[in-house]
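To keep things simple, chains are lettered A, B, C, D and E as they appear, and every chain counts its residues starting from 1.
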């Protein structure tokens, strides 16, 4: 697929047209990119976990399909595909001109191998987390459980044809199988347990993909050198190399100005972005991220011991403080979300009215209400439900007249989220709700804690974020009663039903309108039930030197056509 | 002298053992199995869970666990990192250890090269301009938080003047020989100086007061009475005596540097043990945490040992007892 | 001076362990005091002289049970102090006191003279009334010749001699019967030293005190003592009445020691025994007679056998093989002059 | 008689501090001849050490003020630069200090410390210096000088260190040796050895010794001439025999009487009351007057001068100014050379 | 028996009768008063303490309240020092921060002194085995760098609040104090006046109380002040890496952390300069006071 800024990016590279005349392109050249945390140095797509490793993998590995700015799937390693009648099978025909970085041809064997590995009985034990890409496929349970010798879910038809077989028809089928392919010839003799430590997963020069760049050198934790793959099937990249450097967010602006960095994608701090926008020689591009931040409420605790029975709502215990729906709504109305965006995000963000990214087709804000900031309404809801300040301390007591304090937990790591926590406390104070702000925890232990500390009454409110990736907007994982990330432990039959309906293959197949309708109805119920408040979507901010051209920004990716990137003279 | 070193080495062993015990205890207290880095999935079948625990030796008596861990630690096997999937702790540490070592060494050298001459000069020329400036610098150095000095340094020398790099340990890959060395030094200047700031300040003061003490001592009066020139008195008789107490401090300073490295490395994104430690704290990567603690403690012990040996080398009184 | 024994030391030994190695093993002992027996009669003053490190202070401290002896006993007024548990020794402290060498270090710099003088009365509850205590303290000041205003002052405001007076007053404050002076004048200048010596002599008479007076200055000891004991390497080598000791020392060491004192008598030039070498280390004293390494009269027997203390002349004891035969009996003709 | 080796004239060493002047040495004049042993006695704080340090040019304080004239072999020391002085120190005049324990540099072998002095002042090779150092050690009574050269100060006892100090000070055959209380820290038996050694060395090398001490016994046995210091001044000067037989100054008399003596038995000592005044608050008039039993009213107002009582004796006391020595012979008992 | 005067006439004392006699503490104070730097230090510290005490009166803004409309605002009449990146009033945070920073510094120091002091004096007083045991313990703790130890404990505890922060500081930094006190006690133990007290029959407790402590108090205070200074610096450093007192509690360290961003460093000096200066000046003052006290207590000078 020939890609130019015209047919791909929603927002074409602004540098293109500006200035007097087109600056002259230079041959080759090196582009230095900045990221602010160290990768974990795991460059095997089936094992990496950190998004910083993904920064590198994005240049080196490819999947069967790619998505356009409308999230529609477009061919990549697969030329095209077709569904079977019963919608349970997809057959991909692969390109024949793709070569791995080491010159080996890319074939159906690689695809099958990749998915077999994902379903391997030892995969989870070796630290793999990406079973969602295989667990809907036919025969997964048997294969992963070690009962079957072959994986029925993926099948090589011929050297350039692969067939995926689902257990049930799924409307999300394409997104559920679209995963980076790893080379069989490198890993076939490696036991799955040893794969994460294998050279091909960690060593520069040994990491083999099909992408436009190959990882040739690195100083771990500092620099990752990606050199052009001259044999790239879309054509040799225009740049000679792309170098990732790990730099602190706080000095990113300075380093760009110093010319030490050319491009700081996605994570450029919003505070500095304003400054950079005015600067000559730099381009700032921002768009909403593909995820959102929310304030969760622990509506139910439980299950006490056995996390296996997460979905067994009978084992749940209601959190008495948050049982009242209108009280929860009052909390929702008391939060001035726009002020968070204007303040902490410097406007680089937007509020959302439904738990979908605005760029997604599922997002239909006009139809949904009940999330607006309305202090009066919050107060009247409180009063109506008997939450009044009886002892004159400025805070409401619960209907029984007991003092009411909710505690709010939040994780460290995301500066804006950290800063918004105390503001939420204040805003709720305005409404008369007393919040006790708890000591923040580091991200990783925090999420373990909020999902596990279920029997403990010390958790009422929590801040969290949710990222959808570029996949299907289906929110089941976090919002369905049995969802693994349903930290709120909220369950409502009617609401859950809508989610199920939205995925009903009968009606939803290739019918985005139908799904939009269902999701809109669901979103309304979501906001009525008020067990979580979507706070804002922050923008991803990209800052790069004006000399760098050819970047295509999709709502979820900036590196899609990196082989087209080029530099111009000053 | 040789006997002294042997004796010190023998004393070293029980201390290392105690240190390992403490680290083991910490790891034992920490959630999960911080010793092997195996995180057991608590969601699995309790029977299987128990089996796995038993297989990992988690049900053994504490001392057996300690012994097994010690045996593994002795050959550098600290288990797997929880955070860095598929990486062994020793691998992670090896990767960064040399960087921190360079940083600590560089800053130690800067500290000594700056503080000793200035301290000496200040003592010789009490109340001179340089003495006052030195004292002022020392006071300021002790009162300025390390990270703040680092930030100011970046602001002025990297972004203001553009002289020094702010991030990382080397400018690019593929360098070798002299180029690499120079690039590394270039990258060490700012972190090294900020890391050594507090040390420099306090050593300067130490040196000054030690020099003053020694200059007022009887044997210096003797040296003068013998008609020795000022230079001999100063460099031969005073310096060596004044430096003795400083040398003993060096062992401790080594520890301070390792601790300070956590902050300095964080500011400069310097890929050393400090940043690894910090990220391990943030991610509760206990196996890495414990291993770094152990390494730091052992490094300090070695530092102390070296300090003691050099102490003995310059102070003949030590060798007797 | 009566013949009543007030303090008696019986085979006192004090071995300080020398520790070394990783686990601080005891590798040897400093025999600071090695088998010393002596009697102090009520009302007398016994001088103890010897070179630095010969164990004088250690002996003095053991007599007061400020140090636990390695072995041996101390009797005070007939009571065996060594047999008493530590707590029960405290009441005895009223009767026995000490004056220290360094007037600058022996008074707590943070207590006023009044506090210092009253502390013993407080500790022993001898004077319970506050006013009474103050009166007593002022009386003590008067006794040692310090002005009343000193009561509120602090040690740093006094000169060495004055401090030593405070130290003496403090020692007197419990009305003791026995005082040990551990080189109480050696840190003082001659002119001040004589003031303090006079004072101590006066007080002895006035309060019928018994003194053990430790000094390394033989002329001072001679001035103040009735009897003198000479110590060498943790042992008493000679003990005699002052006159006997100074006019006819028996032990070669005493002889040398006395001879070594520079004389102010410019009219006569004396002939002296000058000792070779220095005091051996008390950690490894020579076998046999400890003094033999420096003794001009050392002979074969001195190497082998440790001399016992014998009464060579009445009330004149010495531990030297010059005066005994192989069987331990007194040599003929060496004794009575 | 030839010109004196050392000649001090009206030497004053004052220390200035914010609110006071400490007159540590206040107008001291005396002479030391070649090969002579002169003792400087006085109580603690009387300025003995300051006098000696002033001679050596080693008074080491920013706030000091040194006036008067100090001549060594006719060379005016006060005019010399530090560099010139350092050539004289150790070479022509040497000094031994009171504290043998701290006077040697603990980190160098004694051989090193002796050789360094030799090499500084004499242009000789290392080997020569070494053998000379061994000779010196032999001279001061080390039986195995070869080994002793290699030992460190802490391995030696006090007496041995003091001997090393003597060896160092004698290494360049100085004409003048200043010994500042060289034996006070030592035991009597050792003291005797050290004093004998000093005298022996003196006889061999014909060195003049300025012996500073507060021990009158030492003075009587070692010195030929005595200077008595009190309050930063010399109050009496006399040949040793005369001084002990017939002290003139009431202070000297008091000192002698307050000493317990081996030769005589006294029930009581006669003490001088009070104590030495501090250097920054000397009383007006005669500095000894407040403690003097013979002090008259005038003594408290009039400052006495050092008067030459006889060719060899001088005294600073009004008793001898008002009434000349001859006029009141009754006061002076015994053999004064008049 | 009437005490009779000795024949020796009373010695005229060197001081006049009416001259007021000064205790060593008084003298130390007099020497301290002559130390200009230390006095300036005291003045500044008193000033800061007053500010801390009256923080509510001086700064009327809520130091934790964000004004979202005014983020990183330049100073104006309402926000005298502008606002920080959370829109909180810098001036108010500075003023209230003094309270938190000083309290933390002080209590952390106090706890350290109590733990280290108690163990140190035990070791110094009894010596021998107890001393050996305590000192080995100290050695072992000191083998771990302060920051690593601190962070490890925090990682295990998983929670930081002010009391925990203070306790962990005390747990990790007591050995220093312990050594100071032990050294001092050891020194005092060798003094003759302790022997003198023993010979008089004082109990151990009285000896500690009357003879050890008053003489050790000077060095304790000196060490404690210097410790407090370094703890204030340590607090800010810990804030910087995110292990200090959690936001939004205002501490100087938390404020200074804002300067992490080069932009604020460059554009908003009014945001980081005041807390930076406050830390600097406070630490300097405390150090000056410490030095002054050392000189004052050390009567040799």
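Going forward, contacts are C-beta pairs under 8 Å (C-beta built on N, C-alpha and C of every residue); 3 or more make two chains touch, one makes a residue touch a chain.
Note that the coordinates shown come from a computational prediction; the quantities given were computed from them, not determined experimentally.
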Joint neighbours (chain A and chain B) are E
Name the chain pair with more contacting C-beta pairs, choosing from B-E and B-D. B-E
Chain A and chain C: spacing of chain centres that average the CA atoms, whole Å: 90
Round to the nearest whole Å and give the separation of the Cα centres of chain C and chain D. 32
Calculate how many whole Å lie between the centre of chain C and the centre of chain E, each centre taken as the average of the chain's C-alpha atoms. 47
Where chain A and chain D are represented by their mean Cα positions, the distance between them in whole Å: 92
Touching at least 2 other chains, the residues of chain D are 271, 273, 275
For chain A, which residues are shared contacts with two or more other chains? 251, 254, 412, 445
Would you give the residues of chain E that are in contact with at least 2 other chains, written as numbers and ranges? 8-9, 11, 14, 158, 242, 260, 262
Which residues, counting only chain B, touch chain A once they are in their complex? 42-43, 83-88, 95-96, 154, 158-159, 162, 165-170, 172-174, 267, 269, 271, 275, 279, 281-284
Quick one: which bits of chain A touch chain B in the complex? Just the residue numbers, please. 38, 40-42, 47-49, 126-127, 195-197, 201-202, 217-223, 225, 243, 245-248, 251, 254-255, 257-258, 260, 306-308, 412-413, 442-445
Interfacial residue positions of chain E with respect to chain A in the complex: 64-66, 68-69, 71-72, 85-87, 158-161, 242, 246-248, 260-263, 267
Residues of chain B that touch chain D when the two form their complex: 126, 216-219, 221-230, 232, 236-237, 240-241, 244, 314-317, 320
Quick check on the complex: what are the chain B residues that touch chain E? 15, 18-19, 22, 26, 29-31, 139-140, 142-148, 151-152, 154-155, 159, 252, 255-256, 258-260, 262-263, 266, 277-278, 280-282, 284, 286, 289-290, 292-293, 296-297, 300-301
